[in-house]
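Consider the two complexes below, in which chain A is the common component and chain B and chain C are the respective partners.
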Partner chain A sequence: MRRGRLIVGGLGVLLVVAAFAWACTGLHAFGHGTTRYGEMVARATVPQRAATNAVAAVTFDFRGVDTLGEEFILFIAVIGVSILLRSLRSETSEEETHIAAAGPRGSEFSRWLAAGLVGPVAVLAAYIVAHGALTPGGGFQGGAILMAAVAAIFVGGEYVVLLTIRTSATWLDIADALGAAGLVVLGFGGLIAAGTFFQNFIDKRTSGLLTGGIIPLANIAVGLEVAGALLTVVAELLDQRLLSTRT
Partner chain B sequence: MSVYPYLIAVWLFGVGLWGVINSRNYLHLIMCLMVVQASTYVLLLSIGYVNHGTAPIYQGISTKALVVDPIVQALTLTDVVVEATVVALLLGLVVQASKRFGSIDPDAIVRMRD
Partner chain C sequence: MNAFLAFVLTLVGVVGLLVVLTNDPVRQTVLGGVLSLLLAVVFFAVQAPDVALSELAIGTVAVPLMLLLAIGKIREHRAREEEMRE
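And now, the complex of A and B:
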């Protein structure tokens, strides 16, 4: 049965790849890529939005509605992971888990390293989120880095922190939800103040990090949501590891 | 000549898809799916590339500078986020499968259900 499946599947892959390659020959030549829309958006970023990062301007301003959809994909996927894994958790009692947590842990050195990394990595994350409208980076990237900072605590301080994962999961859920709600509020702010959903309704010409109107605020909201979402996933998966050390 | 960057995307797509079909382990299968998704990054970024263009970030460069297409870069960002969520969800399913069947080999699980 497996062989038959591989032959049929292999033929399918070959056909799809051939059609894909054939389709690629109809694309414009590599290196002449700019579309009219992309060019217009890139030109409008600095004069109209007072931001310098055109990608952030597309993500959070010109195509903010799409990012809202993307945001909810992330949100719903995290709910899915939680539902999948928490149903397993209820099968084991609290007491058993506490015993498991006292099991093997990381070396002294790895814990010192993790503890030393938390601060600098968190500062880097805040920097990347705050400068999202100006330089490469933004909410998604900064949120992922912030996740790494907190995940370092989970990994390094295994013994202490794993016991508190269950309580911290609630806080992570709240951060996740607050971030998602923040972006929705920004969208409706545009609807109320400027008449269009996700219109950039805040004064864009302020100086410093707040330049770009809603872009820096959207970056912060998304950063909070991404960090909360990814950490929920990490916490849930680590919790599974905790359950499995029992058996 | 100028079609080669697109063919790299085609190659990644094909290799990843073959890995998904040929997989004997769900974790391996998820990795292969990530390779398939990597092909979309390569395709998107090569579609938006402009010869001698720089990143679409006007920090310290002229606003008239030649830049690559920011739209496809934003799309790639969306793509990365969606990939991360899909992988997280799939890993959750793998944990469930492992608990329920004691195996993460797709074929073994199918045999068990028969």
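And now, the complex of A and C:
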């Protein structure tokens, strides 16, 4: 019986390995070869969209609908986490909701380092969101980096600030929803103003940070959504943590 | 492929194997963060700075933080269950 299964399983594995090796023979050499779509995007980005970051032009303009779908995957995932963890919250009894005044603390050095990092990391996050159409980065990266700033607070063990974050879970939810809605509004803006969903309908020639039409606006919406989503999850998890720490 | 990229890709393979072979979830989380850091270097070396930034922020900060919080919660839960049993 066991022998039979091994033979059947082994045959399957061999087949997959052979098919995979065969598929790999048709690939370009590592680091070589361009696709037609890639070349078209590289040629169209600057003249047509006035954005120097081709990746942002693809995700927020040429393929904006794909990004909208991804946006809602994250949105729904966060709703799932919130529902799961909030139902757990109601299970814990009243006496357990007593919150520890001082939580676990790191070494003095790590606390100073973390405290010093919070400000610069938050500024970096805003910079990356604002320059999404021009330089590498954008809403998703910036939003995630903003979460890193909050992670630095956690490492610093500043429970007072974290308690504020915990109670501001509603506001984070709202930021999450506003960001997701903002991208939908931009999509419908294209439908209304230019006749196609996610058509870039704003003047792209504006200089500075506003270059690229809807791309910088979409970056801000996505930044808001991602930061709100990730911070909601962290806030819910911290809430669980605080519920169970008793002095 | 240049020598630097070959070196980092080899490191990715080694650390990836270490992540799989580690049994302790906390150590696994930290090693996973190191793996993400190396992957970010790889993405940067093949001229994909956007992906490198995402990998850096999600793989080395967001995922380890969430995992550690979840592991802490599970351990407390187990400790309490044992307390109740005694």
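Definition applied: the second predicted complex is superposed on the first by the 192 of 247 C-alpha atoms of A that agree within 3 Å, B and C clash if a C-alpha of one lies under 4 Å from a C-alpha of the other, contacts with A are read in each partner's own complex, and residues count from 1 in each chain.
The rule is short, and it goes like this: a residue touches a chain if its C-beta (ideal position, glycine included) is under 8 Å from a C-beta of that chain, and two chains touch if they have at least 3 such contacts.
Not measured: the values here are computed from a predicted model.
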- Task: Have a look at where A:Ala151 lands relative to chain B and chain C in the superposition and call it first, second, both or neither.
- Result: second
- Message: Contact-wise, after the overlay, does A:Thr52 reach chain B, chain C, both or neither (first, second, both, neither)?
- Response: first
- Query: Is A:Ala227 contacted by the first partner chain B, the second partner chain C, both or neither?
  - Reply: neither
- Which partner, chain B or chain C, touches more chain A residues: B
- Would you sort A:Leu68 into first (chain B), second (chain C), both or neither based on which partner it touches? neither
- Partner chain in contact with A:Leu183 - chain B first, chain C second, else both or neither: neither
- Message: By the touch definition at the top of the document, which applies to A:Ala218: first (chain B), second (chain C), both, or neither?
- Response: neither
- Query: Can A:Phe140 be said to touch chain B (first), chain C (second), both, or neither?
  - Reply: both
- Message: Quick one: is A:Ile128 in contact with chain B, with chain C, with both, or with neither? Answer first, second, both or neither.
- Response: second
- Contacts of A:Leu172 with chain B and chain C, given as first, second, both or neither: neither
- Item | Residues of chain A contacting chain B in one complex and chain C in the other | 30-31, 53, 55, 136, 140, 230, 233, 237, 240
- Which of the residues in chain A end up touching chain C in this complex? 30-31, 53, 55-56, 128, 136-138, 140-141, 144-145, 147-148, 151, 154, 230, 233-234, 237-238, 240-241, 244
- Please name which positions on chain C make contact with chain A in the complex. 1, 46, 49-50, 52-54, 57-58, 61-62, 65-66, 69-70, 72-73, 76-77, 80
- Query: What part of chain B is in contact with chain A in the complex they form?
  - Reply: 2-7, 9-10, 13-14, 17-18, 21-22, 46-51, 53, 55-59, 63, 67-74, 77-78, 80-82, 84-86, 88-89, 91-93, 95-96, 99, 107
- Message: Under the definition above, what is the set of chain A residues touching chain B in their complex?
- Response: 2, 5-6, 9-10, 13-14, 16-17, 20-21, 24-25, 27-35, 37-39, 41-43, 45-47, 52-55, 57-59, 63, 66-67, 70, 73-74, 77-78, 80-81, 84-85, 88, 134-136, 140, 226, 229-230, 233, 236-237, 240
